[in-house]
Amino acid sequence: MADTRDIELTVNGESHAANVETRTSLGDFLRHGLDLTGTHMGCEHGVCGACTVLVDGEAVRSCLMLAVQANGHDVTTVEGLAEDDGTLGALQAAFWKHHGLQCGFCTPGMLTSLTAFLRDNPDPSERDVREAISGNICRCTGYQGIVDAALDAAKTMQQGS
Amino acid sequence: MKPAPFTYHDPTTADEAVALLATHEDAKILAGGQSLMPMLNMRFVVPDHVIDLNRIDGIAGIRDGGDSIEIGAMTRQRDLMGDDVIAAKAPIIPAALHWVGHFQTRNRGTIGGSLCHLDPAAELPCLMALYDAELTVQGPEGERKVPFAEWPLAYMLPSIGPDELLTGVSVPRWGGNTGHGFVEFARRHGDFAIVAAAALLTVDGGKITRAAISIGGADVRPIRLTEAETALVGAAPDADAFKAAAEIARGIEAMSDAYVTSAYRQRLAATLVERALSAAASNLNGSA
Amino acid sequence: MAVRYLGAEVQRMEDPRLLTGHGRYVDDITMEGMLHAAFLRAPMAHAKIRSIDASRATALPGVHRVITHADLGAKYSHRMNQLYPAPVIEQDKTQYPLAKDEVCYVGEAVAIVVADSRAIAEDALALIDVDYEALPAVVNVLTALDDDAPLAHADTTSNLMGQMRSSFGDIEESFAKADHVFSAAFMQHRGGCHSMETRGVIARDDPWGDGLTLWTSAQSPYLIRRALATWLGESEERVRVIAPDVGGGFGPKAGFYPEEAAISLAARIMKCPVKWIEDRREHFVSTTTQRDQHWDLEVACTAEGKILGLRGKVTHENGAYVPYGILLPNSSLTPLPGAYSIPAIDVRVDIVFTNTVPNSPVRGAGRPCGIYAVERMVQVVSRELGIDPAEVRRRNYVRPDQMPYETGAKLRGGVPCIYDSGDYGALLEKVLELSDYNSFKERQAAARAEGRYLGIGVSSCIEDTGMGPYEGTTVRVESSGKVAVRTGAASQGQGHHTMIAMIVAGNLGVKPEDILFESADTAKFSHGVGTIGSRVAANVGPSAHDAAFQVREKALKLAAEVLEAAEADLDIEDGVVRVNGAPDVSISLGELAVQLTPMSAGRVPAGFDPVLEATSFDGSSGSPIACGSNVAEVEVDPGTGEVRVLRYSVAHDCGVMINPKVVHGQIVGGVVHGIGNALFERMIYDDQGQPLTMNYGEYLLPLASEMPRVDVTHMETPSPLNSLGVKGAGEGGTIPAAAAIVAAIENALTEFGVEIDYYPVDPQKLTELIDAGAAQAAE
Amino acid sequence: MQLENSFTVPAPPDVAWDILLDVPRIAPCMPGAELTETVGERTYKGNAKLRVGPVSLTFSGEAEITEIDTAARVATVQAKGNDTKGRGAASATVVFKLVADGDASRVDITSDIDLTGSIAQYGRASGLIDAIAGQIISDFAKNLEAEIGSAGDGAAEASASAAQTADTAATPTAAPDAAAPDNAISGISLFFRALWSMIRGAFGGKA
């Protein structure tokens, strides 16, 4: 019989209760348990970074964390990054402006990773940004649009604050 | 790529965890999960029980022990990087952690998990070898201390029983006019090093009074370059001395795999040991 | 008529959806009663299947069925059809959707488990007992044709799949009159697809309703519809294929895969929707890759470095089956002679079976290999004659006054390869300026004084783009005034929606946001092709342009009737037809559409179709030839063999740019893919045919941390072959990259006499070459 | 992969030959192996345990003596097993040839070993997997030698000349004595010595 647990967690400000199989990854739970399909599973071994989400504000691989481990924690996914009225956040807007995405599959992981990174590093160099996203693989863009977007967003956010 | 079924346990004390280990055959300990989870997802590792340490209090955290730094096994790599005590007393640790995976994995990855997984190319085991740190292991009969030199039995095989738990690490502080150097060669940022070299040098009156060199990735476990360390003591911290040490590094036993030969690893060891020593000589700080 | 959006840096209309997590990829789709599938795959490279016992797996709770070849029944027991038949294919080995009695590569599908969840299906895989009789495997392409080589297929007598030849001009004469003949042999290895979204399929079979519907992460839904219907022996009318949002394609998603056939049958057998999502380990062994190609060439030239002829032999690794005809070897030959006017060429290709995953094009297909070969030989001429690499190129380029220039090579289907337009010399000068090429020697000397080794490399390429025959578009004004635009071309991130909306909006006089765009659904647009070979802009561009123009004409004609005005006095702006000089007299496109609606208040004037709609298949009359010149600047660390790319400069000409922002993204992304091929990506098999690089820690995709900033400049030489003057841009970044990088590495290590005969260049081999060179210098 | 080992036994060929064919007796010499069932006179079922770092494998399978040439004193054993958790399979064809060596006998072992499935698909450990496979044979040789020796006149100072043996791989941290035919540890001990032999780069990468 499958080993399951009841968990409660907050996702994008909404609290959820669910019964999960303990072997289910946080990523699979978000996608198929809560239908938050913005989080993408790219490699399921923790290298590609597409599944990155924020747990209590810190960027983590949702393929390397069990859903049961998120019990009692606060999770933010790409669906939670826009403003409350639905307008794009500064980072999302910069991605749009600088053509920081093509197929869009790695994008959620890029956005969540950079959201945490820019919070902790408000004035990064290009080198800093490139190292920050070295744990997020993009096959389409060659990264340049993403790097430009991050640097531009950092400026915008600083002016904003 | 979904894990095979297992029974999940999340003890809240170390004793509880040890008791679970004692009562369950074929159990795996889940610390940060950055190494175990991929192996579970790929079904390389198919345990009947997973024992999650993340809800245990008291085995995480960093404490200044005066002549040592006391680190709980469940301390996240991220916290090691950001800690003031470590930055002041063992700056090589944050310097090396910069090379460990990516910031997303360092947010979860723990020092204990890395030392128990014991990947030959991992940075933290290489550093613990450098310091000859002392590990605290808790078992049914209580605690025992293990010097790091006796920790790796073999390839990814630490000297820990199936019913034992690594709870902490004690890193001795190097006083005096000490410098540090950590360099590694990996194909890409965050990859496992093909070879990594770490060095500590204490210099007094223009002469090296104490030296430690460890090499990761070259062998099935970290190597201490004791012969070179001995040779360095009493010498001036200059290029000739470091070249000599590099030649000794070239002679280490090294492994081959699908990607590179032992000869290349030996060549890298020589290059990187020389660079690590030069780096150490260039940041002697009078304290640390 | 002003095409207002053409050439504007319009932000993509796809993006807001994708940036907020509201894309819809195959794995995001769920259905009532849907079951989940996992494939049991061959664990060895070559074996006979003696028996399969699924009883333990079937007994597992949550498992609904285990399906093997035997369960498919006589009607579906045949091999899949060849997608691209060609006479040169001597052994046309295609796969069974599920292996029948022999497996020929690690990863070949053997059985499907259908279960309540993917996890349970994977649990069951370990419980299927297959009795294999291991057979010897052939892995090394260079020895695969030896007499004592194992055979990739038990029922054949040779591993030779077929032979091809590109031959034109008087090769004997060229070599006879040459001042110099130089030779070089080298191995080229290109990796796999590695789109961040793996493949995935959902199949639903409704025998009394829609028939079979496939949602699949693919580049060519129309090819899949044709191939699947053909294989099933059913009408294409009963098969609908939809490509939703697709997370990258790069070539390997352009085929028709065993899994697509097998999952279709699984849905039919189970009488419910079945989903299969390829996991990343499967991707390494079940999605086609490109892999090894060995070239052995001779070049004939004059003392001044004018190239007279090129001849030699290529050995091309095909993998275990032929899923994709000869597209790969063929596209390796057609780029010869590259950007140069070379009077005679004679190159032969042996296409060889190995017991590895079947091969197919990856971004650029064979073009990067063909261009690399030409550029290497130009490099050899430059080195041997001591002429600057840029100068050798100047002396050999096809000149603008030679356009249109027929090379003598043949494109697919034997069509002559004709360079339509371009100024390769001018393009080179642009990139030399962009890269500060002329001041490099000072940079190099300064670095050398600090003990650092810098090198620079140049390469030029042409790319045959816009492969026909067509990619149509339908434009229709709806009663709401919105404009429905439909095309077959699937997007895997190239921004088709934006590009086509720009063209239609500009032509028709509506806002781009009023375009309702749909693509890649065989039920919504009946005759499409697919997104491969940088073909969409040069095919959909013109058809969208033409269809929109036709609708505009219809609208103006109708408006003239309704408004009782002269057509010449009418113009359309933001979806409203106005009479010049009478601003209060107007009618919206929506109202015009209603005019044509039966029972509506309007009157349908005589001679009008009942709908403001047009469909066009206008495309390009031939292959527009894009071109590029690249300069790479690298630093090599002799201590480790590490290569760092410091600068990368591109001058590219893809004709008229529809959206420069999108073109720039295609070029930069393509360059990084090319750098990955040159330095990082390597799919390694052991001598038993076991794949060793099965995760992203071992198969090295390029990361942001190692990639340089890519500087791009453009020329816009319109193509005379289509109405917009556009050429394809999707692969122009990738094609010349490896040649530029390798040349730069050799340049950095000149004092060690390093000559590189393979890529990806790995640090260990570099250190060996450096040490050997140093030892020689010491003697 | 092909491996060749040999060892001498202080017993005349006719004696050693009988022992060699006594599978229930020699099976325990296979490191980490246990004989679970005798199926017919020449076919046997059993398990073999092996640990590679964090990965613990248990192969369950069958061994069969497929050829016995008493005149030439050549026996061929074919063994194959699947990991009980579906991670792959190992198969081996082992040919034992017994030749007189003075008043003792030499056993030449030629083995052809193949690993398949995910356990064979990890490049960073590929050198290691080769080494371990080689070690299985060499340990078997050592254990069998000890077994035969103990059955002989006791003076079993058989000189092992296996391709990879403990002494060629001696290290400061003494691995458990693998020569002891103790299955509880031999599974792990073979693993140790595989490493030491690998340290010497004895098994090159095959990139």
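Things to note:
A, B, C and D label the chains in the order they appear, each numbered from 1.
Following the convention adopted for this analysis, a contact is a pair of C-beta atoms (placed from the backbone, for glycine too) under 8 Å apart; a residue touches a chain by one contact, two chains touch by 3 or more.
Just so it is clear, the model here is predicted, and its values are computed rather than measured.
Taking the mean of each chain's C-alpha atoms, the chain closest to the overall C-alpha centroid is C. Inter-chain spacing, taken between the CA centroids of subunit B and subunit C, is 44 Å.
Centroid to centroid, with C-alpha atoms defining each point, subunit A and subunit C lie 29 Å apart. Between the CA-based centres of subunit A and subunit D the separation comes to 50 Å, rounded to the whole angstrom.
Here the CA centre of subunit C is 50 Å from the CA centre of subunit D. Residue positions of subunit D touching 2 or more other chains: 85-86, 118, 122-124, 126, 206-207. Multi-chain contact residues, meaning those touching two or more other chains, occur in subunit A at positions 21, 23-24, 44-45, 131, 134. Contact with two or more other chains is made by residues 1-5, 38, 42-43, 188-190, 192, 258-261 of subunit B. Contacting chain pairs (ordered by label): A-B, A-C, B-C, B-D, C-D. The touching residues of subunit A, counted against subunit C in their complex, run 21, 23-24, 31-32, 35-45, 47-48, 50, 77-79, 81-82, 86, 88, 92, 95-97, 99, 101-108, 111, 126, 129-131, 133-134, 136-147.
Of all residues in subunit A, only 2-3, 5, 21-25, 28, 44-46, 49, 52, 58-61, 63-66, 68-69, 113, 116-117, 131-132, 134-135 touch subunit B in the complex they form. Taken in their complex, subunit D has these residues touching subunit C: 85-86, 88-89, 91, 114-118, 120-124, 126, 206-207. Interface of subunit C with subunit D (complex): residues 43-44, 106, 125-127, 134, 281, 684, 686-688, 690-694, 697-698. Contacts from subunit B toward subunit D in the complex involve residues 4, 26, 35-36, 39, 42-46, 117-118, 150, 153-157, 192, 219-220, 253-263.
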